[in-house]
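Residue numbering begins at 1 within each chain, and the chains themselves are lettered A, B and C in the order written.
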Amino acid sequence: MRFVFKTTYDQDIDLAQHGGHRLWYGLLLLALFTAPLWLGAYGLSQLTFMLIYSVVGLGLMLLVGYTGLLSIGHAAFLGIGAYTQAVLAAQGWPLPLSLAAAAGLSAAVGIVVGLPALRVKGIYLGIATLAFGFIVEEVLARWEAVTGGNAGMMVGRPELLGWTIGSGAPFYFLCLVITVGCTLLVLNLLRSPTGRAFVAIRDSEISAQSMGIHLAYYKTLAFALSAALAGIGGALYAHMIRFLSPEQFSIIQSIDLLLMVVIGGLGSIHGVFLGAIFLIGLPQLISEIKDYLPWGIGDSPGLKLVIYGLVLVAFVLFEPWGLYGRWLKIRAWFMLFPFYRKGMFKRQKAFQKSDRLK
Amino acid sequence: MEVFQVLVGGIAQGCVYGLIALGIVLIYKATESVTFAQGDLMMLGAFLGLVLLTTLGFPFWITVPSVIVAMGLFGLFVERLVIRPILGQPTFSIVMLTFGIAYVVRGLVTMIPGIGTETHKLPVPYAGQTVSLGGVVIPVEFLVAIAATAVLCLLLFLLFRRSRIGIAMQAASQNQLAAYYMGIPVQKINGLVWALAAAVAAVAGLMLAPITFVHAQMGMLGLTAFAAAIVGGFTSLPGAIVGGLIIGVVGSLAGFYLPEGFKNVAPYVVVLLMLMIRPNGLFGERLSKKV
Amino acid sequence: MQDILLSAKNLEVRFGGVVAVNDVSFDVRRGEVFTLIGPNGAGKTTVFNLISRIYTPGNGSIHYDGHDLLAQPAHRIAALGIARTFQNIELFEHATVLQNLLIGRHVHRRTGLWSELLFLPSVRAAERETREKVEEVIDFLDLQHYRDTMIAGLPYGVRKVVELGRALATAPKLLLLDEPSSGLNVEETGDMVFWIQDIVHDLGITVLMVEHDMSLVSAVSDRVLAMNQGETLALGSPAEVQSHPGVIEAYLGAVEDASSLRRPAR
């Protein structure tokens, strides 16, 4: 068991709160920065995808997990970022500028999408975001002059300071740096007044208001930030898959993103990464085991859907805290051994306050 | 004249949306769960009808009731297995759960060898027939859809207003605790509500199938139906039908008058407008929190 | 002429056909404890909601410390120095006690979005200062034991104290307490009496309170306003109001001998 003696407020303010944190996260960063050495080319590309989805997931977690605003059409921001980057890179914009433009445009659209949030709540807001998601997907398909429409669009390689960043290790490092940077920005935000304001809005809008939190400003900010992060992720996504078409940013993709944050663990940053690992890892797992499945089930396109659905149902039923929650429980078991009691994390089944009156 | 045909088509499509939306609103009113699985339940009903009609060769007049009953039982099964344990959890969890159910249903149907990945035509007895009304040619499938919806609405109205079960459902949907105290078996009622919603979705599927085709992606219509439910007011049953009709008609007219692509988007623009102007929909109740 | 902090005049609120508040006027003097009493449905919490700008009155005005309150949006009220607690506790359930209190310091935020993203030293210094102020409130209310506990796991009595603490963390000039003793046992109510007295005398905060527990009302209030069915009945010291025949009738129906109902003054 670990006892943390706190003697300064800084220990609570810091990101790494004790030696154990510093050690493990340090090792993790070391492993990530040396990944090209011990991971093959395929593994590296999968890891790159994980990083890209983590960036998007950071934004979605901020919006859904921390501010409590439902967004069912988030892939739209991914698409806006991707196409912006593709178009600007083709015109020769340097990477930092085009990334900023992708983030900025996504944020601007995010502010528009967030406007309904000022009037409606809960599932109504979810449907509004869904509607926006459909509209953006259609715009991407119809605006052929810019996006190439349904025929799709090729994407070149990113250029930074005159160098072309090739695929493989160089692009991986780019994604790694951006992911680490975005994670730090979000973590910083969460430990300062803005992050606390988000959580306040999630838990009780009325008392957040009476604490002086301007609801409209913070809700709009949450949408803008999460859209910007999705835009950055989208820009990297464009360079990774090298060919864009509107159906990659459909509602199915949006629901996959939601799946990622839910299974990862809503309301935690760890959940973002665990969810991204799940999202990228599960198809790998499926293709590994499909040869062992009888009657040719393994080759059916429906298998992926069924497994995703079953996993989602299982998590909601048995582990609503997601993968991170399960990890916390396992860690508690180890830390408290042999004093772990079965009922430690039991949910209090209180009568849920009626949502209609929120 | 062509407009009239487009209009009737829109109304027929709107009836399908309305029925799916009806199921969504039924479940929301009874259990405050928001479900995105209705679209795929409709798809399942359509496939069930396909299998009974083609593979097993049942006549149409046996197929329809069989599908309705089978889907009703399936709705009961889903509620018992998956929904009941999570009542009381936040809305978002339930929403994700219903997405999961939708994925499982869609995936299982896709996995059926031979049929799952193909697109099929449902061989109904009135396929391809048309009726001439005042010089306008209207496919019978449209009229069947509209008529079936009207009959279903009447039956549901009678159920809720006149029958004991219907009144019990209304009571349970307004105040679960009080209903318990009155001796109403609320959990069984919830099961029945899901069964009813699934059966309604099945009817929608059987009516839609002759108009469009039967394929595993039909469930995506559920999202548009959700928009219809919002437009009508999420807590109103007649509102769901009206919302569906509005969405259906707007979609059809948009497809007819506006350039390519607006047809898909029009329903969602309507939803957005409705949310901005009148967030509680046409017939929804305005409820606010008392502090 | 005593210094008036809050002045409400001719307030009227209708919900549909129901008149919740009808021509209600009162003044709250700086440094006093002013209590609203009345049976349920009298409109007391509605008056609070008017001051917090959750509702807007159909008629009337509210002036506070030189400001026209009705011209302010709800989120500006805290910045003006008005804090409130809620009748049914409105804490942030999925956060710890410490985080709830830290959110209470939001009005005193000096850092902007970009400096927070980068967590500049100015932000760190502001965080330390916020934490110090919050610890003062924790010491005042003896909440040290619960600092890192999630609200969802706390008993009701502690939650009420945290709600009070969160309001205090905003460093208000005027504190609106909505039924501070509801759900508390005798001991906890006794603690509440001491805290309210300390809040007024040590922290210099003016208190406007809605309360049902007459012992608490008599113990701390300087003046009491009795309301019934949206209208004002009587204004005066606790003893005066409690023996007012109209007040007694509102609570208990008509009574011949009022003296038998008078509670012993503390």
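One rule holds in what follows: a residue touches a chain if its C-beta (ideal position, glycine included) is under 8 Å from a C-beta of that chain, and two chains touch if they have at least 3 such contacts.
Because the structure is predicted, anything quoted here is derived from the model rather than measured.
Among the pairs A-C and A-B, the greater number of C-beta contacts is found at A-B. The most central chain, judged by C-alpha centres against the centre of all protein C-alpha atoms, is A. If each chain is reduced to the centroid of its CA atoms, chain B and chain C end up 49 Å from each other. Mean C-alpha positions place chain A and chain C at a centre distance of 41 Å. With centres defined as mean CA coordinates, chain B is found 32 Å away from chain A. For chain A, the set of residues that touch two or more other chains comprises 206. Of all residues in chain C, those touching 2 or more other chains are 54, 86, 90, listed in ascending order. Of all residues in chain B, those that touch two or more other chains are 291.
Within the complex formed with chain A, the residues of chain C that make contact are 52, 54, 74-79, 83-84, 86, 90-95, 99, 102-107, 109, 111, 113, 116-119, 123-124, 127-128, 130-132, 152-153, 166, 170.
By the touch criterion given at the top, residues 9-10, 12-13, 185, 188-189, 191-197, 199-200, 202-204, 206-215, 221, 267, 348 of chain A touch chain C in their complex. Against chain B, the residues of chain A that register as touching in their complex are 64, 70, 115-116, 119-120, 122-124, 126-128, 130-132, 134-135, 138, 141-142, 206, 251, 255, 258-259, 262, 266, 296-297, 300-313, 316-317, 320, 349-352, 354-358.
By the touch rule above, chain B contacts chain A in their complex via residues 32, 34, 82, 85-86, 88-97, 99-111, 113, 116-117, 177, 216, 220, 223, 226-227, 230, 234-235, 260-261, 264-265, 268-269, 271-272, 275-276, 279, 287-291.
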